[in-house]
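Supplied in structure tokens, the structure appears directly below.
Letters A, B, C, D and E mark the chains as written, and numbering starts fresh at 1 in each.
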Amino acid sequence: MTGMDAILHGGLQGYLVVALLLFALGLATVLLRRTLLLQFMGVELMLNAANVALLAFARFRGGDAQAMVFYLFIIAVAACEAAIGLALVIGLYRHRDTTDSDRATSLKQ
Amino acid sequence: MNLTPSQWAALLPLLFPALGACLIPLMALDKDQATAKWIRGVMYGTALLAVVASFWYLTDLWRTGAQPSFFQLRMDRLAQFTGIFVVVAAALTILQSWDHFHQEGWVKGETVSLLLFSVVGMMLFASTTHFVTLFLGLELFSLPLYALVGTVRARSESAEGGMKYFLTGAVASSCFLMGGVLIYGLSGTLDLSAAAVTLKAQGLALDPLVLAGAALLLLGFLFKVSAVPFHQWTPDAYEASPHPIAGFMSVATKGVAFIALLRVFPGSFAPLGALGARMQAVVAVLAVATLVLGNLTALVQSNVKRMLAYSSISHAGYLMLGFVAGTPAAYTGVLFYLVIYLAMNMGAFGLLTAFGLVGEHTTFEDLRGLGWKRPAMGFAAAVFMLSLAGIPPLGGFYGKYMIFRELVGTGHVGLAILGVLASLVSAYYYLRLLVALFLQAPSAEAERLASDRPAVHAPLAGAAVLVCAAMVLAGGFLQYALSDGFAKRAIEEGLGLIH
Amino acid sequence: MNKYYWLIPILPLLGAAFNGLLGKRAGKGAVTFVGLGVVFGSLLLAFSAFFAMKGMPDHRLILNYGEWMATGSLSVPFGLVIDPLSGTMMLVVTGIGFLIHLYSVGYMHGDEGYARFFSYLNLFVFFMLTLVLGSSLVLMFVGWEGVGLCSYLLIGYYFETDFAPQAGLKAFLMNRVGDLGVSIGMLVLFAAFGTLTISDILTQAGHLAPEVGFGVLTFATLMLFVGATGKSAQLPLYLWLPDAMAGPTPVSALIHAATMVTSGIYMICRLAPVYTLAPITMDVVAWVGAATALFAATIGLFQRDIKKVLAYSTVSQLGYMFLGLGAAGFSAGFFHVFTHAWFKALLFLGAGSVIHAMHHEQDLFKMGGLKAKTKITFITMVAGTVAIMGFPGTSGFFSKDEILYLAYLKSPALWVIGVIAACCTSFYMWRLMALTFWGEPRDHHAYDHAHESPLSMTLPLMLLAVGSLLWGFWGVPEAFGGHFRIGEWLNSALTYGQTHAAHGHHEGPAVLLAVISTTLGLGFGFLGWSKYKGGPAWELAFAAKFPFLHNLLLNKYYVDEGVELYLLRPIRWFGNVLWKLFDVIIIDGVGVNLPGALARVFGDFTALFQTGRVRNYALSMALGAAVLLYVFLK
Amino acid sequence: MFITFALITLLGALGMLLQKNVIVAGLCMVATFFGVAGLFVLLANPVAAALQIIVYSGAIMVLVLFVIMMLNSHQEEEAVVSRPIQRWLSVALLAALVLGAVKLVMASGGLKTLAAKGAEMPQAMTLQKVGTALFADHLLGFEVAGLVLLAAMIGAVALTKRNL
Amino acid sequence: MTWLTSHPITFLVFAPTLLAFVLMALPHALGKLARMLGFLGALAIFILSLAWLLGHNPVAGGVILAERAPWFTLVGLPVDYALAVDGLNLWLVILTTFLVPLTMMGTWNSLKDRIGTFAALFLLLETGMLGALVAQDLFVFYLFWEAMLIPMYFMIGVWGGDERRYAANKFFLYTLSGSLLWLVALLYLANKAGGFNPALMAQAASALPFGVQSWLFIAFAVAFAIKVPLFPLHTWLPDAHVQAPTAGSVILAGVLLKLGGYGFIRFAIPMFPQAAMHYAGPIAILSVVAIVYGALVAMVQRDIKKLVAYSSVSHMGFVMLGLASMTVIGTQGAMLQMLNHGISTGALFLLVGMLYDRAHTRMIADFGGVAVKMPIFTTFFLIVTLSSIGLPLTNGFVGEFWILNGTFLSGFSWGRLYACLATSGVLLGAVYMLWMFMRVFWGPENKDEDSGTHHLHSDLNAREIAVMLPLVVLIVWMGVHPKTFVAVSEAPVAALLQDIKAPAPRTFVLKPAVHEAPAVHTPEGHAVPAAHEVHR
């Protein structure tokens, strides 16, 4: 089947495109939103995109257990990042009473 | 699951810091003030002990030579080199932080524990070609650093700096991850060297997805070495973080990132020839940008820490030039440079502690005349700055020398000239620090502050600084021992590149 | 005896060293003893050397004392050459030098710089002898610069005054200008002859054909002549000599009349064989000499400072000498050097004695009627004056006449100029005499305290007077039944075996010319005396009638002002431009500081990208990612 | 089926990108996670799907929403000053990336063959396999992951706990 | 002792460093002791250098003492620890060891604070200079060359005048800029030659295309020309000199500048003969410009020290001219002129320092009539001035005369013209020096309360006289018997010029009288040039 069909009918390409789009959207959130929490969620999205791609590949390689293990690790890491990130947000909020990243610009030049 | 003694021996250097990292938080249970003081001492002691033990076993390993890889771990000489590199940096950092955090009035065991975690992560990161371990290592050394940057909660900047570092870092590592996944996708294995072989076999060496994956991997590395345009977190993070941590980041992060880059691109991806070429092409471009931007911006900084941050950016540029040259000798030069750079920068940041500059008081103004007040520190400062500027006969010169020599040897004369011009510019802002230390009398306001503040008491930091100075001088006069005995062997017996 | 001749120059050097280093402590007596002793010693040695030289078959005594500055193909030995020319000059220097040392004892006594003065004077004798006896051009140059130095030091002897230092500086620098010529000349000669040893050069020159047109030797000789104009105060470098009178009078007599200023002529005589090879140079020399003679003589007409008058007369007499040289009469020129040394020294010392008597009053208009008070001075000065005006039978007569005659042979125009100059000379000399000795005293206070000078001063005057009257008979030309012995005597040194040296000038109305010039001279001399014996009234009237002319002459044609305005000031201005504009602004500003400033500007610019907003950081990373992907995928 | 889940995923993400209210944005993200879980199901990987929902939607999102509540900053604050350059540059860049991504996927030959090959492959992954892989091959990784979690915990504590 | 006898040069070079570290270790309170120690040490080193270097007589190739041992091989380039004292550097070495203790003594009391540190830096500087002078391996040379900057930087920057920071940075960066580009050229060539041995590098260079050679030569030349300093790269000098403390100025003028000229004669010219010939013309032009320019600018200076600084530019122009002439006479003249300048200008700076210590001003206008107050000082100053304006029988004359002579004879077509132009430097030299001398020392005494003359209370003391006497003796000695100082370099220079095939001297032919046989009287050694050889 042609590329476009493959994308539309759940071929590997399709999953990959979804993954990459998700990745792009995550990045977009980081770039376009100012609320730190949302930016962190964007990062989570990017990680998720990687997950999608990973597992899609795993599936099309006949179910590669290695990938599945890696997926587990990634989830763990994602959780850790969330924890640290949120902790930092809270820390910032305590000082500045804001979660707007554009307002946290005392370090510059 | 039972390991052979040799494998244990290979693991020990990792285990000790990990163990220390886990133990230290447990000590923080007691809340009684009187004992708290001692407990802190014990915490730092433990951390130091763990690091020293790790160092001890690493040197053991170095004597025995490369280990067969097991799990996804390659305890070859390059890994051992990295281990020693990181551990030394960590030791210096611990010494400095004892004094610094006392000056800041913020002595916490967690900080050293986090430091140890990231030490483990760094060792892992640089001693594997398996993407899973690589990624985990990356996260294991990044996450604690994010936390460490923001650790001094008393300062409003710290959280901001940590946040910036974290956000950009997270984006970078997800890119890194995506890249790895793409490569896995087409090769079917998570071990990068194996992947390279299979891709080569299947003729997918130049498949767009592979290339994209490689590009994203490279991005991950370049972010960690803070190359332009992935550098902007650097000054903010350094300024926000405690001096010793900033020093540690500037040295260890950059170091391991470069070594891992070395391991992955010229190392594992060697079969995919064209890929290496493209890597060099893009690195060349970014190196130029890094040199120019880093040096020029450093020129106008008023805050010493930011100046050092930009200088560390520009040094990343020099090291990248080593990759552009891309000969084994150049890589040797890169490792040599890293060792000297470790001493220079740990020393430079240590000076701030040794001079007892806390919080935001790290401008050139605050340094005025201190060189004469603390002659030993002043001498060390002169050594560091001149070495950073690459003035012979100090170690920094030889690092540049080796890299430039290879650049010229491989016909990149233009880049070499740019490099020397860059170091000419850099000489100016390094001299600025010496001007402040020796050539200017302290400003009245500074005098007043000094009289207010208790006399600076930083024996450990001072010792650390002197050790660094000694290392820099040694780098200048025993350069061949350091290069041939240490860096070169790491390259030869680690990367398997033949000289 | 030969092996002691090196002491001839060295003795005075030792004297200088002694007086300079220990003089102050040693005390006046010792200074006098040493100062005079060394010169007298070298005088005696000079005599012995002179006669030793006479004994030589070729009248030449060449002594070498080892190598000085040899490298590559260049070799300059320390050596003395004593031949008729240098021998005679050596005697003049030591002889007259000694007399003037003697004179100074009286003149300078009571000056706190006594020792310093004598050390300078000895040093001068040393350098002058080096100049005269040096066996190579370089060694001659040593003396050449050395005497310049001494004159600089002696002119600036009264350094705490305002004027003397400037005069000294002026003298040294003008001489330096000349010295440039000499150095270039030496360079050329070395490139041409491959040696700088005089005897070798002259021997080689003896085998060369005269140059047609402007050749190497013409250039070299012209350059050397530039040096001569500097040293011997010819146009255009004469300006320093009148100012040099700021120095003590004995200095004026010894250095600026008798010896140093004649070294230009001496050098040309020394290199006569080379000069004869360069006709163009000879013409230049002749004309410059003539022009100077006239120019200076006219200035001398209305000067009021007694020493200034003598100074300009010296300049014009030197002009005569060059005129003679240019007319290929080297021996004639040198003859005039010789005679002039005597009567000009005499005149200066006489003037000094007058000034001494008048308590350092130098203005002619304030003198008058001194012949009663200072007899010896008066008589001796009359002798000098008749000599310089060329009264028949005096030394001046013969030497000047010889020169005029040769000038006529070269070109009648030169002769005319010479005669006019001679007339002026006798006019202003008698003006000087009249204003000084005749008429009413115009400054009674000074007059009342006026007194004759001590013996140590008058004795030299008398000796010199005798000399200046009698020495002429050494060079009685054929025209007057003599043999021009000095010519024969110097011949060997001047021609150096050169076959085609210009001689044999026995055509033309020698006697007639002599008569014309002499009568004119006497006439103008009488005119000057008669107009002024009653005081300066006539001159004031003249000034009233022709103010422009009078001022022009009085102010020396405003040359000094012109130089200051059109030469020195522009140079200083140029230096300032180079410094403030070129050095500071262009090289340093644009070349050095601008890049630095630009770097900072760029730094400020790049710093702007560090906005502090994490989104921007992420964006730049994204851009970087785009770049990476592009490079990898393209 | 694929299209549905894909759309859920992407629209959720898009909603999160555009939604002003932070809470709503968070809920959109939950939708995305569910979509992703659905994709995992389609990929014959129920375990992953389950974990996705438990960990992400369960743990992380709850954590995030909790923080949102705690900081009671539900509305995005007003921009200090609008940054058009930042916005449009980002948009352009992202557009380029998206197109590039699609193009990439289309262009990759390796992917095509893999897709063709893998389509008829049965899903051979079993939990047992995963378990062995996890505890045999990736024991090191497992331990390290543990360290990472510990480090993160300590870090979070160090960053937030009031008086340490 | 055996070690000493086998490594005399090493000892000479590094003994100052050891001493310096000792002095640095001494506590701040013991500054006076440190100064004394430093002086005695430097003196001992001077004596040793005399004993060891003048004792031997040169063996083959003019080498007097030599040490060579492989040091290390980095990135495939072997570096030899090669030091040697030979005809070319013997007297420069001795000049260095001589000037250091002399300067210490001469500026004994002019510094008040941190004298110990200063002495230490001074000794470090001595190591740098000596090392650079004796280095026979370009890498080693480069090390010392750069290492010299550091102590000098601090000497200017810490103990200097009001503008010291600017001056110090300028000095440092200016020099660094030259030597960094030079480093690239060095690496390029070393890469071709496979090492830093000058001989090998010269071979490798000769194999390169001329264009590349030129670039390499330019890189070398610029680095050295900055040190010389050659117009228009001289602007760091006035600032550095004026701001530096007396001792710094003396050493800067006395030795550091020489290293530039020495670099040319030792490395740049022999390594790139063709390029050197090709660029001799431009270098000569710049030298002539430097001579005149430096003199003119010096003439209008108001600050004595600055005047002397610019006079250095002029004098060093002579050195470069002599080197560019590529004749034995000219080069020997340059060698001598380097020593002359070291002695005379060093002495001048010392004297200016002595004046400044008393009057606390260096402005010419603030003086006048100093001779009345300080006769001895005036005498010394006069003598040194005379040597600096090249009066015969002082050292200045011999050097300049040789240089002019060599230039005039040089085989290049420009030689004669430039020689004539350069003579003007001699005149201008007299102008600015004597004019300054007149305004400062002569004339009526300047009686203003705040004038410099007013603050002069004491003439030179015994110490200062003891410092000046040796210099004066040298001035005369070098002027009367220069052979002592250049005999040893004659052979090497001649050999060098032969190796690089310098053009034969150009001389004039004179037309002999018809009846004479030609060529007999053209003296030997004067090749017969073309017919157009009439000077115009």
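Everything that follows uses one rule, which is that contacts are C-beta pairs under 8 Å (C-beta built on N, C-alpha and C of every residue); 3 or more make two chains touch, one makes a residue touch a chain.
Please read all numbers here as calculations on a predicted model, not as lab measurements.
Q: Hey, what chains does chain A share as contacts with chain D?
A: Touching chain A and chain D alike, sorted by label: B, C.
Q: Return the chain label for which the distance between chain Cα mean and whole-protein Cα mean is smallest.
A: Chain nearest the centroid of all protein C-alpha atoms: E.
Q: Return the chain whose centre of C-alpha atoms lies at maximal distance from the corresponding centre of chain A.
A: Following the centroid criterion, the farthest chain would be C.
Q: Name the chain whose C-alpha centroid is farthest from the C-alpha centroid of chain D.
A: Comparing chain centres, C lies farthest from chain D.
Q: Using CA atom averages as chain centres, what separation in Å is found between chain B and chain E?
A: Those two chain centres are 45 Å apart.
Q: Between chain C and chain D, what's the gap in Å when you average each chain's C-alpha atoms?
A: Using C-alpha averages as centres, the distance is 103 Å.
Q: Averaging only over C-alpha atoms, locate the centres of chain B and chain C and give their separation in whole Å.
A: 79
Q: Can you check how far apart chain A and chain C are, centre to centre, with Cα atoms defining each centre and the answer in Å?
A: 99
Q: Any chance you could list the residues of chain C touching two or more other chains?
A: Where chain C meets two or more other chains at a single residue, that happens at 596, 607, 610, 612-616, 618-619, 622-623, 629, 633.
Q: So which bits of chain E are touching at least two other chains?
A: Where chain E meets two or more other chains at a single residue, that happens at 173.
Q: Using the touch rule from the top of the page, what residues of chain A touch 2 or more other chains?
A: 16, 23, 26-27, 30-32, 34, 39-40, 56-57, 61, 64, 66, 69, 73, 77, 80-81, 84, 87-89, 91, 101-102, 104, 106-109
Q: Per the touch rule above, enumerate the chain pairs that touch, sorted by label.
A: A-B, A-C, A-D, B-C, B-D, B-E, C-D, C-E
Q: Touching chain B in the complex: which residues of chain D?
A: 104-105, 107-111, 114, 135-141, 144-145, 147-148, 150-152, 154-159, 164
Q: Can you list the residues on chain D that touch chain C in the complex?
A: 83, 86, 89-90, 93, 96-97, 100, 104
Q: Show me the residue ranges of chain C that touch chain A in the complex, using the header's touch definition.
A: Spelled out, the residues of chain C in touch with chain A are 607-608, 610-615, 618-619, 622.
Q: Flag every residue of chain B that touches chain C in the complex, lowest number first.
A: 163-164, 167-168, 171-172, 175, 208, 211-212, 214-216, 218-219, 222-223, 228-230, 232-233, 235-236, 275, 278, 281-282, 285-286, 293, 296-301, 425, 428
Q: Within the complex, which stretch of chain B touches chain D?
A: That would be residues 1, 18, 21-22, 25, 28, 71-73, 108, 110-111, 113-114, 117-118, 120-121, 124, 132-133, 136-137, 139-140, 143-144, 146-148, 150-151, 153, 159, 162, 185-186, 202, 204, 207-210, 212 of chain B.
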